[in-house]
């Protein structure tokens, strides 16, 4: 097993909402997923309530995810103990009395805009003090979207690094959303933010459309004005990229026209050295073109597969080299700022 | 690799016979098998003598199981050293003198009723003080049987738990030998035993035959009287189950009529966290029906595959959770009694 | 993961040339290879220069072997940093200034007789004080050769043992270059050497040709005089074997006629418990026979596959047994002498 020698592995920001998956993942079977090193079983009752329990029967420790969903809860697949959505055992087959201790920990789980949010506390009494984040794009009639859940054999912060620094598009994703490398490396970049928020804006006026863009949108001019807005919000990153004909509008105006790709990126640690990556990509189909949503989703999936290979290689390499300094270059401003946010949250310090 | 944090892993009951396999497994090739953490090679000479040696040539440490069987013993596959059934080197090719130290440890191995029994001592001088257990069912003309050797990635005591508590049949084996869950959970159960012996008897009068039973036996009435007798004997468990037409005899009479399934279950630790499961199932073919022995064996194999999946999932889950109390329910009386026997034997205490 | 409990694992002889591969392995893509526990990327520039760098970009630690070869060097596949053959970063895309620290360690790499030799020093200042070894057989018009690179999950010294003791041919390689076991076990063997050199000569006059020999050469008599000369040179072993018609010449004369097989065996530690085995086999095609070079290469590959299976089994077995003495037999004189050379080099002692 790989060992991380030069990375802080012990802690994640706690007492907050993290993405546990998507609504469509909970059908008629329980779903096992380890989140922030907690082994959790997610399930939806026949009347639609979603629940997250510790994935361990309190009797003989079989994963509850090996059991079956019933109207009243989740039944263990070994001796049939039945647990309700709060984790309380409400039936021990063949036995009248149900011991008080017959219960398993439960986690607050909310469904919002087709995203499942789980509250992971630093102690058993920690309860949500906010609603989970909203993501209106999933309900916006101007957009259509698709997505998937990926698993990474790499720490979640390497995915943050990747998302906050899109300069890699030219080298890693030339076949889809990339384009000319030097274009990306020489983009006008602004890094800002406050509190736990980091925002990176990259503008590439008068550039050439990459393959996915050309396939999806009938640009009218030889060149495009292109934008990338990246919003890091600890539990997830929102990335709004797009392009319009050169000179046809203000790149910084949220009401700008043209081709849009809006990405949701839920990056949830599985363990200290592995992560879940829950993503969707939404696009605005052009009225004169055949619907290209599926094309955009497929090419995005291909792009993220490329990132996964790269980041997992990067992590394996970090593991096999002893403590060794990295050098910083210009593209690291955004990622480094996000790393400082995580460090501060983990250490419990108050933001400056 | 999984680590067990809340299980005693270090010791097994020693100075006793354990099942090493079945007679039919020793043909013309040596068989490598780790038993109680000892790497052993089992083989049968051309004139039928069975032997068990440490699986390591004393020269360059190649496993002797990579060698070939000859009339006089087992020849190493690297430089041809020849070892007799006692582990003494009797030939060093190209060299006149055979060093005194050229020998490998051997283990007493006996063949009885088609079962191979190996004596594992607590020290090199430990020698058998008894004959290995007999199992007359394998030679009883009323029965026909078949069986197999399974490997478990789980400690042997989880298999004991499973065999001594057949209440799980309804939840795990509904398609074969199970039947209605509540039937099993509400069976009349008696747990008894003395010394190292644990006996669990479960009676289910006036119940419905499960699929395997109906396929194998022409029950004459709509209901059956069903029995399950489980005898735990440390190295193995004997389970005698069966059923007859309702009211047609005494369920507790060993001479009872009806459909019989008699299982031999040799449960031998491979390591502290893995096990061998050597099983046979014998049944009494009904004179008016086509021989269903193979059907019964096949459905039993399917049943044990279900148990294997379940128990390996259980073990993996026990490994990923830190020390955490389990709760006991009514079905645990038999398994817990067997666990106390093992604990006592390992600790060397005298039975009460 | 296997652990070696009774083998010295920590050190290799350093400040010397080791085989890194063959010339034909470096084409248009970088090649990742771990050598003496150093993760290295090997590559050849379009104008033919070969280079070996630490396989880790100094920016975000992606393996440089995930990058692409360009005219000026090797470009990282993440953010495009470009490194020349000395490991100096000569371009940071999108950034004017290149930090002084932007460099990766490089290793002296030489190409000689189609073999790639890498200098692994005990410290960063260690530089070659000799040319790498020559191997004229690869350029000798009398010979044709082929070869391959094998990977072993076993320490390199177990391969030395195997090569320096060809008595195992009868037991392990009967189908190719072996022959009668007792022939090999009773060969006339001479072990000699000085400094870091060990030489084992085995003569088998008046013996029968093994299958590969018969297929390759039209021996004129019922018997052959056979020789094996093994030269251990720390980084590699040269083995010159062959045979001629009985009585047709002096077996010890380097100008002897007959059928020749000349093996180059570069044995380079990958880690303490794994190794690279870079081998070629050269033979002298008989003018009256169809060219059998490929046959000889194929049968040699088959032979070495047999050795690999054997040695990996041996190593796994050494790992699972606690510290335990091996006994020596007559064939161990050569291997033991080579082990003492390695021990002396690792300890830094002066040769006696």
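Things to note:
Note that the chains are named A, B and C in the order they appear, and that numbering of residues resets to 1 at the start of each chain.
In this text, a contact is a pair of C-beta atoms (placed from the backbone, for glycine too) under 8 Å apart; a residue touches a chain by one contact, two chains touch by 3 or more.
For clarity, every value in this text was computed on a predicted model and none was experimentally measured.
Chains that count as touching both chain A and chain B, per the definition above, are C. Two copies of one chain, chain A and chain C, form a contact in which under half of the residue numbers belong to both partners. Averaged Cα coordinates give chain A a centre that lies 47 Å from the centre of chain C. The set of chain A residues touching two or more other chains comprises 1. Put simply, chain A touches chain B in their complex at residues 1, 39, 55-56, 58-63, 66, 76-81, 92-95, 99, 101-102. Chain contact summary for the complex, chain A toward chain C: residues 1, 161, 165, 167-168, 170-172, 181-182, 184-186, 310, 313-314, 316-318, 320-321, 324-331.
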